[in-house]
Amino acid sequence: MKRKVCVVITARPSYARVKTALEAIRAHQGLELQLVVAASALLDRYGNALQVIEAEGFRVDRTVYMIVEGENLVTSAKSTGFGLAELATVFNDLKPDMVVSIADRYETIAASVAAAYMNIPLVHLQGGEVTGSIDEKTRHANTKLADIHLVCSESARVRVERMGERSDRVYLTGCPSIDLARQALEAEPRDLAALAAAYTGVGAPVDLARPYLVVMQHPVTTEYAEARRQTATTIDAIDALGVPTLWFWPNVDAGSDGASKAIRNARENGRLAHAHFYKNMRPLDFLSILVNSRGIVGNSSVALRECAFLGVPAVNVGSRQQGRDRGRNVVDVGHDAEAIATAVRRMWSSSERPRDLIYGDGHAGRRIADVLATAPLSIEKMLTY
Amino acid sequence: MKRKVCVVITARPSYARVKTALEAIRAHQGLELQLVVAASALLDRYGNALQVIEAEGFRVDRTVYMIVEGENLVTSAKSTGFGLAELATVFNDLKPDMVVSIADRYETIAASVAAAYMNIPLVHLQGGEVTGSIDEKTRHANTKLADIHLVCSESARVRVERMGERSDRVYLTGCPSIDLARQALEAEPRDLAALAAAYTGVGAPVDLARPYLVVMQHPVTTEYAEARRQTATTIDAIDALGVPTLWFWPNVDAGSDGASKAIRNARENGRLAHAHFYKNMRPLDFLSILVNSRGIVGNSSVALRECAFLGVPAVNVGSRQQGRDRGRNVVDVGHDAEAIATAVRRMWSSSERPRDLIYGDGHAGRRIADVLATAPLSIEKMLTY
Amino acid sequence: MKRKVCVVITARPSYARVKTALEAIRAHQGLELQLVVAASALLDRYGNALQVIEAEGFRVDRTVYMIVEGENLVTSAKSTGFGLAELATVFNDLKPDMVVSIADRYETIAASVAAAYMNIPLVHLQGGEVTGSIDEKTRHANTKLADIHLVCSESARVRVERMGERSDRVYLTGCPSIDLARQALEAEPRDLAALAAAYTGVGAPVDLARPYLVVMQHPVTTEYAEARRQTATTIDAIDALGVPTLWFWPNVDAGSDGASKAIRNARENGRLAHAHFYKNMRPLDFLSILVNSRGIVGNSSVALRECAFLGVPAVNVGSRQQGRDRGRNVVDVGHDAEAIATAVRRMWSSSERPRDLIYGDGHAGRRIADVLATAPLSIEKMLTY
Amino acid sequence: MKRKVCVVITARPSYARVKTALEAIRAHQGLELQLVVAASALLDRYGNALQVIEAEGFRVDRTVYMIVEGENLVTSAKSTGFGLAELATVFNDLKPDMVVSIADRYETIAASVAAAYMNIPLVHLQGGEVTGSIDEKTRHANTKLADIHLVCSESARVRVERMGERSDRVYLTGCPSIDLARQALEAEPRDLAALAAAYTGVGAPVDLARPYLVVMQHPVTTEYAEARRQTATTIDAIDALGVPTLWFWPNVDAGSDGASKAIRNARENGRLAHAHFYKNMRPLDFLSILVNSRGIVGNSSVALRECAFLGVPAVNVGSRQQGRDRGRNVVDVGHDAEAIATAVRRMWSSSERPRDLIYGDGHAGRRIADVLATAPLSIEKMLTY
């Protein structure tokens, strides 16, 4: 009997983080993959991960629309509630042997609570990290609901155990996102212009044969009112620099309306004229863009995770990644246009690209599938102290 | 400015556990009480805590029907989801300065997630205990979502800190349920017959001037299919003993249909002829009944908490209270009719009533109000390691 | 290509009303049956129609728990809302070519709205009747949402057309419940004692070889507070008569808690000692019980529909069936114990059993399947005037 | 005792349609206004009617976020379901004596079902009209759920009665939107440039002292896949004409993503360079803009209702207003760029501005308040035939 593994994907970046694990699960003799795509992963304005997932050959078993419009803190909570209610029906229907919940986005707790309450063994990916903000609460609550923990770094492993989880239920697999980074690094050189041409986006054309920046900045949910101002600060810095830039839209989240407005407003006023704006790219394409860039600016976890492995320099802005393990590629700055500009200028002119294997060696997917096929299936747990 | 404290009551036993804290909050100069009554606390067949709460003089600000019928694991999850969605609207409306979530029932996580996601400081009562079952997961997930922890015992305090919570956000207040126990103990002797006559119930009349047992056994959610069988086993034991018994119906929960069926079936077959069945009593009345009983049988936490303070002997059946701190008043047995009957017979004939102050000294309510009035209001937290 | 017909069953009596149509759809070359079982049809305390449906060989495609506990008017509305939200997901998943919504229970509008809003042709069964109460509003709202109308009686056909529906979309098929009545009437004599023994129930044994009554009384939703009193009145009448009685529990509905309480209370007080209480029976068994009874008392539509065809005398109490076409078998009385008792006494002693074919000739199921296979599939409609 | 009248506003255009009635209710001695703002009326990208409502001095009692993102047919249904569930809680809290539901947007049925199921007398505004599309189903279903009907035109009155409603519950009040039109017509000449400057919008500046067009085109829900193409066709026509144009964004609705995309795409490609795009205006400002325009193009009901009264010429495109009463100001064309352009050219050069009082004389608000204060409050109804 194959173990039925139900993976719930709720956002475009989560898919990128888990893709090689999905491939390994699908290929594993002892596993059957059930795929649920939900929340912002279904929405056009956040890149419609569903289309990417299906285009890459996965069969999607269920889709769950759950995002309540408003993009404020009330609707984050409501979306999670409605998602939880529907995922219960989905799990009751699909009868998985285990559910996989990914990382720390707010809506992930919907899958975790549904599985835990329905006595389905819950596997949590990427627990034990520290970042501050609401993600911190969601991530560790997921850990306390989960039966099996697949962590990305040694320090994460230690933290999960210290929180009272049994050490024989914590597996250090590394992060599947690093697997993709490895593929991007090992791949043949690609024609970036052709690659980028496959995505429409808006704004100025950017010549990818010449130096360019990547920007990716998300709203910080515990600083909701600040989202627009913080994005505007980064805009000021990048606009002042005037270098060719690929700018990626923020995730759906409390505050993303504010962040999007800041960008739209800048564009209406003729600013960021050197930037091209993308909603989404397929993970490997995005990584190729990153590998060939002068560096990344913003507050995406990509800057700390994939870019550590790739040796891509990063200017990390603000508190969103606070506490997360980082390599030598990262420079931290506050929400200060001058400080951001200075750090980016230094990055732009440097040729150092230090690599660190903090988040894995690029073989996480296969390791994860092996754990899922063999880990004990139990729903009883108790603090170890 | 008074701090607005929003307390969410979702079940009859939760109200009993928090009543003296509600009184202290209401009486405190620096606090304003907002009361939300939800879930099974609104339902007749679980004792309609709402009526009790209003009868005892509290003003209820909002009621939220959220229990989806079915009483299986799917509907536990769905109820939690719908409750979460509506509590978000309630919090958005009432704009509390902090939300208080109580203990570990499955639906409590709805209030916890809503508050956490809406950047409202979350106070969790009675964290850090260990019991096994789904309550274990819910309780510790509540801890990881909460900003302030009010714990009942020294060992709970240690555990919450070990889970990575800042020690200056963990307050050892004792359990408010012990406050009621203290009142029941210090009260003038009461006319138990008159007291009991105020509750209808069904079954044989029991003479409370003579020795009697109390039974209270809930379904164990991770052993759903077993609920009916486990209840039937206890029925076998109590029926065989044939002593006068006050039997309290189980909580609404996955499995309670099974548990209720076991009881109804027994009654239809003329068994438990010496028992009288109650749905609910006001907390102080129930405690008076306990104090004067020969002891309690089942798996209620009352047996470990209030009864430790009161010195009421208890036969604790099965795994539901596994891991929870217990005093000398408790004897543990498995789901075995013979073992239960033997333990009850011994309890019935013993005169020992050892008291332990594990869960508090009976002044928790006032301490809780003081903490709520003065604790720092912050929503940012991070693991301490 | 077979047309996929999705039928949504939300209650035990709805299943009985549609069973022969389900059989005919399943057997039809041009149709594929999709079966969704939802609401009280999933709940043990209302007879768990799901088990009956599966026991009778139907494959159930989806189950949707949607009843919010409370059994008051707030939860009727909330249940409908949550059901609507989930049925949308179900229809999106199953992609039916048409949805069939049955009659007029409050929750039926969930399926109707979901189908209408998703541009799925909606077939409404049993429209055009008049009864008063909330059913009246639900039924005609269903009609206005529906594209195809399958009605039970000539007067219903006329009314649906007068409401502005195109006459070529209104089909007079008769009621499938009459098909079962025909089967019960044409069946070989059955051993009623053996039949009844298959159902547990509670209360006194009733000798089915001797004369007996059937009682079935539901709460009237627009008279919510009255439900308990109205049931108590019927109890008074039946208790006074003291004749052997098979009493069927009420539907889940606003007021059913009150109605159930009235019954439980009577039993606890030793009344209705000549009655046996059943939650549910399979339709054919129930009809056999009816055919052999002295008559039916209460406010069930069965008294007007099946019993008209069968010639079973009926005492119809109160306003619930007000306005519905009735045959010569029915006597109407108010909520007055004396009047009820008098009418029942007369019925008990009479031997007249007049038959009327108002609601069909017993061949509705096959006609319905034929219409579903051939009716135009359109979602555009407009008032005919 | 004042009658508590709860009005549910779910969209920007609904507010405009009911504003003078709200004022009259608030001013009426016998009435107390309860205002619930929900659905797209809360969302920035549809003009945030909430802000307008509060800016115009109304106190809002409750807000209900209910739109599930996706803007397809599944999410229309889900949004309605979640809205219904929450409005039930709101009505239970506010305890209105009557609920007012407006017109025919899909989400209006949420308020109608909640009120009907909770035995609250339901008043429906603007029933009895015919338009085709899903609005047609929603509108007449609202009629069948409602107890009191306030209609806008004589032909609507006749239709509501023919649908089986009692004639003494149907009141011909006219449409409150015409009240605003009357105010706009009777107002002193306004400085349109200053008026428009108060709204940001995007696109070319338009000189309002010179001739200009107004465009307003919504997606047609039963032609979902067509929304983008249909909008593109109108874009082709307007772009070809090249005259100064004020273009208003579509409502939130299944299809609005498609419609919005067509507009965004045109703008990115440098088309519609003579147009300025607005999300919303306060009703009176919008009407002043209309009165002074050369005419309106699209499929808004404004073109048929307010513009009939105002004598503003209109080119009505496609099926959305099919069947609705229209005056001499309207020319109908299909989704054909050439036909649209020809009709607009003729309108642009014509000086005829014929007025018709089909939808009222401009005193509907006061009439509505008077009816609400005196109409019988009953929840029992039955077809009149």
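Per-chain numbering from 1; labels A, B, C and D assigned in written order.
Going forward, a contact is a pair of C-beta atoms (placed from the backbone, for glycine too) under 8 Å apart; a residue touches a chain by one contact, two chains touch by 3 or more.
In this text the structure is predicted, and so the values were computed from the model without any measurement.
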Q | Common touching chains of subunit C and subunit B | A | A, D
**Q.** Chain whose mean Cα position lies farthest from subunit C
**A.** A
Q. With chain centres defined as C-alpha means, what is the inter-centre distance between subunit C and subunit D in Å?
A. 40
(Q) Could you work out how far the Cα centre of subunit A sits from that of subunit C, in whole Å? (A) 51
Q. Where in subunit C do residues touch two or more other chains at once?
A. 65, 74-75, 78, 82, 85-86, 89, 92
Q) Across the complex, what residues on subunit C touch subunit B? A) 40, 42-45, 65-70, 74-75, 78, 82, 202, 252, 257, 268
Q | Complex contacts: residues of subunit D adjacent to subunit C | A | 73-78, 80-89, 91-92, 106, 109-110, 113-114, 116-119, 130-134, 136-138, 140-145, 158-159, 162-164, 221-222, 224, 254, 322-323, 379-383, 385
Q.
Looking at the complex, which residues from subunit A come into contact with subunit C?
A. 62-65, 82, 85-86, 89, 92-93
